[in-house]
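Okay, structure first, notes after.
Order as written gives the chain letters A, B, C and D; numbering starts at 1 within each chain.
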Amino acid sequence: MSKHMPPAHPFDDDKLKEECGVFGVVGVADAANFVALGLHALQHRGQEAGGIVSHHPLEGFNSARRFGYVRDNFTSQSLMETLPGPLAIGHVRYSTAGSKGAAIRDVQPFFGEFAMGGAAIAHNGNITNAIALRRELIERGSIFQSSSDSECIIHLMARSLQRNIPERMEDALRRVEGAFSIVAMTRTKLIGVRDPLGVRPLVLGKIGDGWALSSETCALDIIGAELVREIEPGEMVVITADGGVDSVFPFRRQSPKFCIFEHVYFSRPDSIIGGRSVYETRRQIGVELARETPVEADLVCPVPDSGTPAAIGFAHESGIPYGMGIIRNQYMGRTFIEPTEQIRNMGVRLKLNVNRALIRGKRVVLVDDSVVRGTTSRKIKQMIIDAGAAEVHFRIASPPTAWPCFYGVDTPQREKLLAATMSEEEMREHLAVDSLKFISLDGLYRAAGEASGRNKSCPQYCDACFSGEYPVAPSDMIEKGFQLKAAE
Amino acid sequence: MSKHMPPAHPFDDDKLKEECGVFGVVGVADAANFVALGLHALQHRGQEAGGIVSHHPLEGFNSARRFGYVRDNFTSQSLMETLPGPLAIGHVRYSTAGSKGAAIRDVQPFFGEFAMGGAAIAHNGNITNAIALRRELIERGSIFQSSSDSECIIHLMARSLQRNIPERMEDALRRVEGAFSIVAMTRTKLIGVRDPLGVRPLVLGKIGDGWALSSETCALDIIGAELVREIEPGEMVVITADGGVDSVFPFRRQSPKFCIFEHVYFSRPDSIIGGRSVYETRRQIGVELARETPVEADLVCPVPDSGTPAAIGFAHESGIPYGMGIIRNQYMGRTFIEPTEQIRNMGVRLKLNVNRALIRGKRVVLVDDSVVRGTTSRKIKQMIIDAGAAEVHFRIASPPTAWPCFYGVDTPQREKLLAATMSEEEMREHLAVDSLKFISLDGLYRAAGEASGRNKSCPQYCDACFSGEYPVAPSDMIEKGFQLKAAE
Amino acid sequence: MSKHMPPAHPFDDDKLKEECGVFGVVGVADAANFVALGLHALQHRGQEAGGIVSHHPLEGFNSARRFGYVRDNFTSQSLMETLPGPLAIGHVRYSTAGSKGAAIRDVQPFFGEFAMGGAAIAHNGNITNAIALRRELIERGSIFQSSSDSECIIHLMARSLQRNIPERMEDALRRVEGAFSIVAMTRTKLIGVRDPLGVRPLVLGKIGDGWALSSETCALDIIGAELVREIEPGEMVVITADGGVDSVFPFRRQSPKFCIFEHVYFSRPDSIIGGRSVYETRRQIGVELARETPVEADLVCPVPDSGTPAAIGFAHESGIPYGMGIIRNQYMGRTFIEPTEQIRNMGVRLKLNVNRALIRGKRVVLVDDSVVRGTTSRKIKQMIIDAGAAEVHFRIASPPTAWPCFYGVDTPQREKLLAATMSEEEMREHLAVDSLKFISLDGLYRAAGEASGRNKSCPQYCDACFSGEYPVAPSDMIEKGFQLKAAE
Amino acid sequence: MSKHMPPAHPFDDDKLKEECGVFGVVGVADAANFVALGLHALQHRGQEAGGIVSHHPLEGFNSARRFGYVRDNFTSQSLMETLPGPLAIGHVRYSTAGSKGAAIRDVQPFFGEFAMGGAAIAHNGNITNAIALRRELIERGSIFQSSSDSECIIHLMARSLQRNIPERMEDALRRVEGAFSIVAMTRTKLIGVRDPLGVRPLVLGKIGDGWALSSETCALDIIGAELVREIEPGEMVVITADGGVDSVFPFRRQSPKFCIFEHVYFSRPDSIIGGRSVYETRRQIGVELARETPVEADLVCPVPDSGTPAAIGFAHESGIPYGMGIIRNQYMGRTFIEPTEQIRNMGVRLKLNVNRALIRGKRVVLVDDSVVRGTTSRKIKQMIIDAGAAEVHFRIASPPTAWPCFYGVDTPQREKLLAATMSEEEMREHLAVDSLKFISLDGLYRAAGEASGRNKSCPQYCDACFSGEYPVAPSDMIEKGFQLKAAE
């Protein structure tokens, strides 16, 4: 419904966007408070909206869903008192694939009342056959309340003939294709699921006598929980306060394909993925970049904040001094409602300013995490030149992003991706810089701990955005006309 | 009036706080838009509230004052349309010295209607004889509307016998003691003043055919203005769109005493002060620190974000690798309204998380800009230890802060300052770290460009917070019982 | 979900409450504007919340649902621009039978996406077998999003095998028992239905080339539409801008039972029901009352505002002067959010004040529309006595309300109804008045135009709240334990 | 400042508007609660905004000022808790004479800090030499914060040389011309003043051990206070909880001129003025009208709600039946923010609807309180004609309003007053009614209790709006060019 919504992120559309973070806790007093803290730590995974559902033995299910930051909504005594009980789950989102605008009914967790009681579900990822599933369900009499494809799961569960909710969820998920890490709850159980490929992250933590599920470990840290382990690809865990963690594997086992872009950009640098520090991987990408694409220069400067670890690695490996040539405004928020034209035109200057005194006369290596449309890169390069830099060399901590992601990431259409239509040299000319180099796919895999690089016959990660090799066919998109990469 | 206000900054009370930023523009269409952008760039100087006054030949004076960030208030078309005209000034504030709570009537700019027309005034700094002035004015029949001492200036102007507003302002300012950088406006004139010692910054910029005044150069950058020069200590400039800049020096000339803490912490690193890059001074402080207080260690880690430039300098000079051992949550906002107890207790964890994988087993040098109460330093140290650091060495980019500032900075009472009651060794024990070292006053002056260090007989800067030598007697505070440092 | 909602109407719980008003328009530009006006005129039928859905050929369906008055929500240019198109329906509600608290998802119209397109539906009345239907639908896999029983209709439609929406609605309504006047819409059709007994009102109007459906004629007046006719009991009309009005009768024909309380209290006095002026009926009730229960007195005084027409009739018939002995505060609103105790205790004094000068020393006849719990009547009587009245005689414009309504009216549980537990004389003693008299059922029927009174074997109206004779069995309530009147 | 405010009362500009109501209480716990209730009862005297100041021995002065109704702002526990203490005053306002738009700083009570402590002041009426006073005060160095002329009083008090606040207020009020009823407070005293002519009302009440001051008696009723007496013209009372009521008469004694329009329209019908019931006066006006201007007709119909008492009197005296031919929408609020054009064009239909069934074919006497611009009267007449009335006879319960009021009432400029430019017959033609008659001035005085009518040489009331005889010269307006009535 409707064009009448303000555009989100008007000045920040040149990054891939992780679409969601999920968090759940069972077995602690006032679980919703912990969920709020966890979601605050996962805010980088979704800034548009957040929601929490809690359950209390006497008060039943309660929920709150709000647009805006977690800290602006889910901290007040008066709101949090409406979410009592020892069991709660929550969700932050950027925006869902299906949504044209922003409506509060699209904000997760979703809630469904089944014959055996209620359940709430929150989900990070994307269902690649959602359109077909939705059409089928509507034909059979289901009424959809949101434009989110996650709602399919609730309707599939409602129609399952199983007797309890976890088994109904298994039934439902077997019909679903795509990438999904799910946190769900019944009146007594906290449930976590990762899709068979394990594309999206999900970890298990222990807090006192209770348990937590989280998209990333940094959200366990904030509540003082200890990391127990990752949920495995294709695993479903059903957790109760008393009974602990039950684990089942409802899907056919497949070779895992974790999203390598979580290492490059999505996850927070203080998170641990697959036993490996995200920060260290990013720093190591910088080291690999310096080895693969050396350059003579006077200053290594990160594009803040996501380029910082790779820049530190690049500076260390190359011996070129590291410096903050670009300063970020700490008070830049998520979005502006109906800004004046003058303010809209400011674009990146609202967020970044060049440290002119440091840049002037220098040959500068700018280290950024990725190039998507290239619009921001052009503006940053111009700011650096205006400040009097002698040379500008871009070093990018990921391979060229040439393919859209269909697994829960907001990517532009393929033709908007700079690397989909230009060679590296054409991109360099387009950005008008002295040099532009990307890390190689093999270099990226090495930085991520795969000493011998990418296994071409069966890549260790999902790298479809770089390689065009999609581990799950994006059925809905193919139906809409998306062209897969021609077999070589 | 009243205890019923939420406490501001509950989790961030362990820094000195600059209290204000000022900005003004004349001679451009929709001047208020430029002021909004300038204030956004000065937001670090005051996050509690902001205000803009504009003047339009047909619409007269208009004003808007709001609590909260500039970007949340002064960007919408609908509000900015109420602030038309080619002349505008604005102000961001942390909180004024006189205020117990937060009331919109205390938010600057202040406006006064005089016999010859209206004027608005905004002010960064503090009037050290405000209590005495206020008492005198009330006895003579002035009605104060705010608890801000800046309002004294308006009342003094109202009672002046001069025929025009700039001369009335001169009259008023001659009665005032303290530190003040003022941006003011009449129907046609933009006015800037710095106090005779030039304690607070104020710079002049050129934008197209118009002119701008700003606390810092970073705010000129955002609107695309060029830095012309600093307003000199004791100078008053009166600027019109047509007539350009008139300069007068209404006060007795004195030896300048610019606030050295602007270099250490208050100003943004991308600003230029006295022809010198703030970033470079901070980096150089790190270099001096490494020379003065060397240490064997495995990692130099900044306390984000203010410790970063000094940490880069320390790492460079010492040869110890630089790394991001502490990660800052980008989505941490200014304040929480009535948070739950659980959230209040989180304190610094809401804002910072340790990068455990990087810290574990290492001897860590933590570089911070200052130690005020020491409460945050203790928590950070504990987080680092909990993450498995082998040793923790604090290096502080300023000398011990042992005296409160009375010149427009929010400092705790003297007895709350750690360095006022403890020796360096006692502080080290209190923080329970392996070593704690501060840069020397001479080292700080050298980093700020004074090759031969501090001139003891006539210091080149105001360094009262370190030295206890106050260049202007804090009369109001002395009346309230503050004890000056005994003469040596 | 949840006890955390503010209580609605804390000072006004001593009336039966009509629960809804519905309105729809097709074939006019900006139809939603007309709906907003119509709902404003129907506000007396539901003050808690309102909603509008519109359809535009290019923009599709849009909706807005808000708590509060129509005039506070649905008048602003900015909101109404989001509801474009020549077809719209709307709803105001007091609260739905199923709801414990207030949630925006319970606010009608409800929207459903079917295989052949979307439909929205709004509903005045109550489904008496909703609990059973809901249980059945959930067992078969429907997911309910609201606690409103109206949602059953949408789910029944979704599961119908008919090929178009009006026929699906017929299918659905044949499964539904109770009282319902429905206004619904598809992309091109405006649909109206009355239940087979025609308990709730619904009228058809003509406006320019378009058509309107409304709960009452007063809402046709406000938009300048002309009354065409009433929708008949058991009739469904399907209206298009081009094709005009199609009429079908999907239900088995029954003897009509229009709600007689619409004449007594629910409808606005300027509405026409069954060709008869509501005002005139109420005035005639006063005339009948004066004939049935004459009294010697000095003043006839209405309890404002609903007792006014009957008081005018009583005064006219009896020859006793008419006067405003009780003055109503015009600025009394719907509800208070968390009022102070002092204010809560004020109760009826916030709304009414006695005109002491008029009352003092007089024998007063107070004419009110009904007695429900009797709490307000006691307070009013006390105010009149405190003002110095010599005698107080209550005359009530309806028979004793001894039975709850299950057809879309909010009534207290039977044991809370004064007339369910007390005889007329006991009530008089309870209220401590000099006399208390109710109009007889026959008198009421005569005033409503039935010259020979009530037809006992087949009453011309639904008068269950007075007689206990329910024309549709309240199945859900019987399942919950409600005892029907014993057969005589 | 500024044209950017929404227009207030877009649909209701055809009445004279009382501009303010005042209320104060001392000697009761939580006095602000009582003030809120009192202001609610006085809401008809000012709907735009309200304010309360309270004083508590420990918490000092606190204040809250809000746009909107009292019941929407001053009922919540959370706000009222910020207004503690046993002494409070409050104010409701329509809009002040000096204000072009609406700014919260113009909302009373005003507060001033004097050398001997603070005081707050609220005021009903108008200062007729405010412009001159303001000019003089600004020239002498006073800074005005509002556009309200009431602020003059505070500044005059600040400059007084008297030692205590009541004496300073006497000093100030001796400089002031016009009509004013004041309620003020210091830390311990409640103060009430009426101007020497007693144009505006003010009454004293007793509540428990405390005291109340109020514009009208109806506000004493709501808090359960007893009317003690009216404050006399030219009297100042200074009330303390312990010491009771001190009375002084600071002004030269003059012949009283109470506003006769308070009887006609401003005051609530349940108030007592000068020992006389407002309702009874209005009813008696109807009786006089029926005697002075009889007519043959079938129905006497009030224009709701202000014409009702006179219509009852007219019907009673004439023997023509009384009926509600026009029905008022109870849910019509104060104002609309940026309404759509369609809604704006609705005008009076949003508020009133004709009871067609009653009107059709009848000769109708419409009784209204006054005719100001005549715009609403024209619309009402048209609605009555459209409904099929055979004849329309207007009877107006006041003489022709031919002169503006300068004593605290919002009147159109003289040329906008219908009666200023037309004879009675021209007005009848303009309204296109069968007859139009006003009560005579003598008839009005008789109805108000002056058996021998108006004393021409020294009228018992201020009736300037009818007679053009202004008891206080409107100096500011004369300076602006207003022409007094030529001497006869």
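Here is the rule we use: contacts are C-beta pairs under 8 Å (C-beta built on N, C-alpha and C of every residue); 3 or more make two chains touch, one makes a residue touch a chain.
Just so it is clear, the structure is predicted and the values come from calculations on it, not from any experiment.
K.L.:
Which chain has its C-alpha centroid farthest away from the centroid of subunit C?
P.N.:
So the chain farthest away from subunit C turns out to be B.
K.L.:
Just the number, please: Cα centre separation of subunit A and subunit C in whole Å.
P.N.:
Roughly 50 Å, centre to centre.
K.L.:
Provide the C-alpha centroid distance between subunit A and subunit B, rounded to the nearest whole angstrom.
P.N.:
Computed value for the inter-centroid distance: 37 Å.
K.L.:
If you average the Cα atoms of subunit A and of subunit D to get two centres, how far apart are those centres in Å?
P.N.:
62
K.L.:
Where in subunit B do residues touch two or more other chains at once?
P.N.:
Correct list: empty.
K.L.:
Which pairs of chains touch one another in this structure?
P.N.:
So the chains that touch one another pair up as A-B, A-C, B-D, C-D.
K.L.:
Can you tell me which positions in subunit B touch subunit A when the two form their complex?
P.N.:
Within the complex, subunit B contacts subunit A at residues 30, 33-34, 36-37, 40-41, 43-44, 47, 69-72, 75-78, 80, 218, 221-222, 268-270, 272, 276-277, 279-280, 283, 305, 308-309, 312, 316, 321-324, 327, 329-333, 336-340, 342-343, 346, 349-350, 353-358.
K.L.:
Hey, which residues of subunit C end up touching subunit A in the complex?
P.N.:
Against subunit A, subunit C makes touches at 1-4, 59-63, 81-82, 105, 112-115, 138-139, 141-145, 154-155, 158-159.
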